[in-house]
Amino acid sequence: MQKMIDEIKEKCAALIKNGEASRVIGWEKGELPYDRTPAVFDGEKAVGRLLYDAFCGANISKYLIAASKTGGKVIALLKPCDTYSLNQLLTENRVDRSGVYALGVGCSGMVDVEKIRDKGIKGIKDIEEIDGKLSIKTLYGDRTCDKSEVLLEKCLSCKGEKFAVSDDSVALLEGETAPSPSDRFSAVSRIEKMSPKERFEFWRGELSRCIRCNACRNACPACSCMTCVFDNARSGVSSKASPDAFEENMFHIIRAFHVAGRCTDCGECSRVCPQRIPLHLLNRKFIKDINEFYGEYQAGEQPYQRGPLVDYNVSDRDPGQV
Amino acid sequence: MLKITLDKISELLSEINKTHCVYAPVERSGEVCFDKWSEGEKVRLDVLKTSKSAKGVFFPQTEDIARFRSKGKELEISQAKTEGGPFVIFGVRACDVKSFEILDSVFLSDPVDSFYKARRENALIVAIACSKPEETCFCKTFSIDPAGPSGDVEGYTANGALYFEPRTEKGKNFCASIARLLEEGDEGAVRAEKEKIRGIMADLPFSSLTTKGWGKDEGNRKFNSEKWKELSDACIGCGACTFTCPTCQCYDVRDFDNGREVIRYRCWDSCMYNDFTMMAHGTPRKTRVERFRQRFMHKLCYHPENHGGVFSCVGCGRCIEKCPMSINIVKVMRAIGGEEI
Amino acid sequence: MQVKEDFKPTIVAFCCNWCSYAGADLAGSSRLSYPANVKIIRVPCSCRVNPLFILRAFQRGADGVIICGCHPGDCHYISGNYYTRRRMALLISMLEYLGVEKGRVRVEWVSAAEGAKFASVMESFAKTICDLGENVKLGDLRCKK
Amino acid sequence: MSGIIDHECSCRRTSLDALLPGVAVITDIREETGDVKTFRVTGKNGEKLFSHKPGQCAMLTIPGAGEAMFSISSSPTNEEYKEFSIKRCGELTDALHKAEKGQQIGIRGPYGKAFPVDDAFLKKDLLFIAGGIGIAPLRSVINYVRDKREDYGHVDIVYGARTKEDLVCFDEMTNVWAKDKDISVYITIDKAQDGWDGHVGFVPGYIKELGFDKLRTAIICGPPIMIKFALSTLCDMGFDKDQVYTTLELKMKCGVGKCGRCNVGSKYVCKDGPVFRCDELSELPDEY
């Protein structure tokens, strides 16, 4: 991994040195061994603090909406899946392409620390990744676990090693590969097979935990409205909290709907949710339906493609028709 | 010293539930939140950082305040009814117990918030010590002892049992009321448990974190630090930290018109939101930097200034675990606390 | 469901100004009856119907929502109803996915000349909703009478 | 049922829930300018609502539109009713402007710290500086001072607005205040305009022109930018900051220092303000 970090730093430093770019958006070390905070590294020297490892799950493409418009080119470190988000943002003219230098960084899957905790591994003092295994020092003894068992939800349906958009890239080290994807719609299908009552109870159980912190919305690269309808006092739905179960349903249905056809399935919504609501299952339902009803579509795969909800076919099925 | 074996906890809760509502760390679809317990629900006394803190028991996410009914030009205003009755809040950790004191200093100061006060008076707190503190814990920084969690009844888990020690009159009566289920326990086990916990505390990654450089007289100096910009760069302006924080107490007051009457309710609000201070002519906190600064300044300078030097943080570590972008109060305390401006 | 007999569902019908709204008019002037508990909301095009409108109708007491637009190909604005068709297909599927009873939202194409169709569509939709009973899952407790 | 408790203390209410408004009725509406109306408000049956001091505020409610803090523009010496001069600029003020005479609204208060009329202002020459709707809180003080004339020295009032149509209380100023002994009224508008033969120019510049001596106690209220410039002009003229008072406005929801949004540093405008002495204010972070 160190080799990869060095290469990233080298490339960034060179780009800043020759004046092509002025700063980098990447990740830096946080307060704990698994804490990685997205950060702006301004200037060649700051690049030294840059870090890249198995804990850089955050998708930084949304920062580019603002960063691409504030003078000078910004180098964005984008994992393959993050490049889909950038493409989508470019398609919607939310990011100024000329302000971004997309530096693809290879990814062999990102770790979800919550999943490590779920395994009962708590009090983590140090984590090291060695050959697909995580060796973890805790306050209560040393533990190991397979990295593949604790990957972020989004990594379980990895989009592969291809960058949808990039100006340059740093590939994975030899021997490392992207996680092999499993069927991303299996959970959706499982819910579809439930009875309406079970489905309703499943979603009530999940959505009732919502605290309306808006992390899903604010982290979502597709949610890029200047003022969200749920923040607009005149919309009549800016309730801020959910005094009734209905509000939770409405917020999440509408949020998923507003990104339907634009959602690249980057999984940020579920990753950031402090209540661990599987929000991606709402988005994936839309993706699955779009694929079934209107043909396979992957948002962000190509720049400037026409999304399925701003398009039509005269022979489309009628609503409600199975 | 009284005790009950851990396998009998649900039996105990059922017993309490006969006379009192019980709030406990209940497992809901795999997540553990502080919420009303109902028969058959699983209580997780091994989980330290519930994904919703216990503050919601006293200061709910939303609650109705008033109802307005209009008829022509006439208006009728009535106070919303609140649920009453005594309840038990079971399994609160030392940090969350301390957070109640901090909420008290706001809601019980003049003019007293009657909604909050009623709930506070109705509550009996069964606190439990943290057998296994985690790496994100830093309650020690705020002089909180996880081995002495306070509350009406103090609890300790040791040797597969939960030990009880009443600390108040209310707590004594409570223990007497459940005495049927309790057996005599050994003081030594609890003493050993306390020792063990304090030993682990010294070993935590944040055990050396101090509040140096923060406090009531630091307001202006810290406000003007240049580091706020850099620290807030990654902030996405969500309310995850605020809403999971046991001491954040800001609220919004809003109206809901259902066509027949208007219900005024209050709900949690976050200083991280851009509409928090938005007025018709604009907002004094225009960018993410100012909003971010407000949250930490409030916890580390303004609150101490208004409340006798007490910080509005209890070191529970929820913000460390929950922030989508791994920003947290520890980072801020370290980055700005030590610097000389 | 024992109250089914007295159950009078509230039905909201979003009708396109250029077709179904006129269709409703025609139904009226032809003296065709359709259920009185259908509340018609005129919209400039079926495409104007935001999913939020539908949810808000349910929140505030609707038991069923029907969206009526021009027949595909006949949109006054050329393509509006094609978009409606896609959006509503997804919304209906999503509501089902969330466990809301199937059939509470319906989309129908009714032209200005189809007064009889309008009446029969409303009749049949009202019957469906009557059979489904009161909307509980998408209602807001604060709006309950 | 009324949530209003009549009491003599200056600002605190002691019982019941502080967030519950009582019913008041609008008994009169005066159109001051195109977008400012003055509402006269009494208790439901014409009774007195509560006692207040000049500079204090109250929360007004139009159900559905929300609740907000408004300064009470009538003098406390007026025992009959309260007046609120309100500019139409947002959702709630819009709803208030649509209200008619006889409309009942929600009210709670009074809130905040008042001007030190019984203390620091006594026997002093007072200089009132206001811009636009900023006259609303000062009107309360001015009329209070007029009613207790012997307790205070000379009064100067400098008032400015964008155009002559935007001058709030113009009638009262020219026909009542200006005719009082020992009160001088100076009015200015931002840009020259047909039918206006008075002074033209911004308020801070006008103060400089008028050249007041620094023995006065100054009270400023207006748009934030005007407050800042007027204050620095006064300082240039030799005024000390502890001679100058101002009153602030920030977003408020509770009015009792708990909802957490109207703070400037550790001070809550609703509770520790809205009236601040400028030397106190300058010690606070610049975020208002």
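Assorted remarks:
Letters A, B, C and D mark the chains in the order given here, with residues in each chain numbered from 1 onward.
In this section, contacts are C-beta pairs under 8 Å (C-beta built on N, C-alpha and C of every residue); 3 or more make two chains touch, one makes a residue touch a chain.
Quantities reported herein were computed from a predicted structural model and do not represent experimental measurements.
With contact taken as defined at the outset, there is no chain that touches chain B as well as chain D. In this assembly, C is the chain whose CA centroid lies farthest from the centroid of chain B. Chain B has its Cα centroid nearest to the centroid of all protein Cα atoms in the structure.
Taking B-C and A-B together, the chain pair joined by more C-beta contacts is A-B.
Inter-chain centre distance (chain B to chain C, centres taken as mean C-alpha positions): 46 Å.
Computed centre separation for the pair chain C/chain D is 52 angstrom, with centres defined by C-alpha atoms.
Rounded to a whole number, the gap between the C-alpha centres of chain A and chain B is 30 angstrom.
Centre-to-centre spacing of chain A and chain C amounts to 37 Å, using the average Cα coordinate of each chain. Residue positions of chain B touching 2 or more other chains: 252, 254, 256, 269. Of all residues in chain C, those that touch two or more other chains are 140, 142. Counting only residues that touch two or more partner chains, chain D has none. Touching pairs of chains, sorted by label, consist of A-B, A-C, B-C, B-D.
Contacts from chain B toward chain C in the complex involve residues 256, 258-260, 263. Only residues 65-66, 68, 70, 73-79, 106-107, 109-115, 216, 219-220, 223-224, 249-255, 257, 262, 264, 266, 269, 271, 276-281, 283-285, 290, 294, 297-298, 301-303, 305-306 of chain B touch chain D when the two sit together in their complex.
Partner chain B is touched in their complex by these residues of chain A: 30-32, 35-40, 58, 62-63, 114, 122-125, 138-140, 205-206, 208-209, 211-215, 217-219, 231, 233, 239-243, 268, 271-272, 274-276.
By the touch rule above, chain C contacts chain B in their complex via residues 60, 140, 142-143, 145.
Touching chain A in their complex are the following residues of chain B: 28-31, 33, 51-52, 61-62, 64, 132-136, 200, 203-206, 230, 233-234, 236-240, 242-244, 252, 254, 256, 265, 267-270, 273-275, 320-322, 324-328, 330-331, 334.
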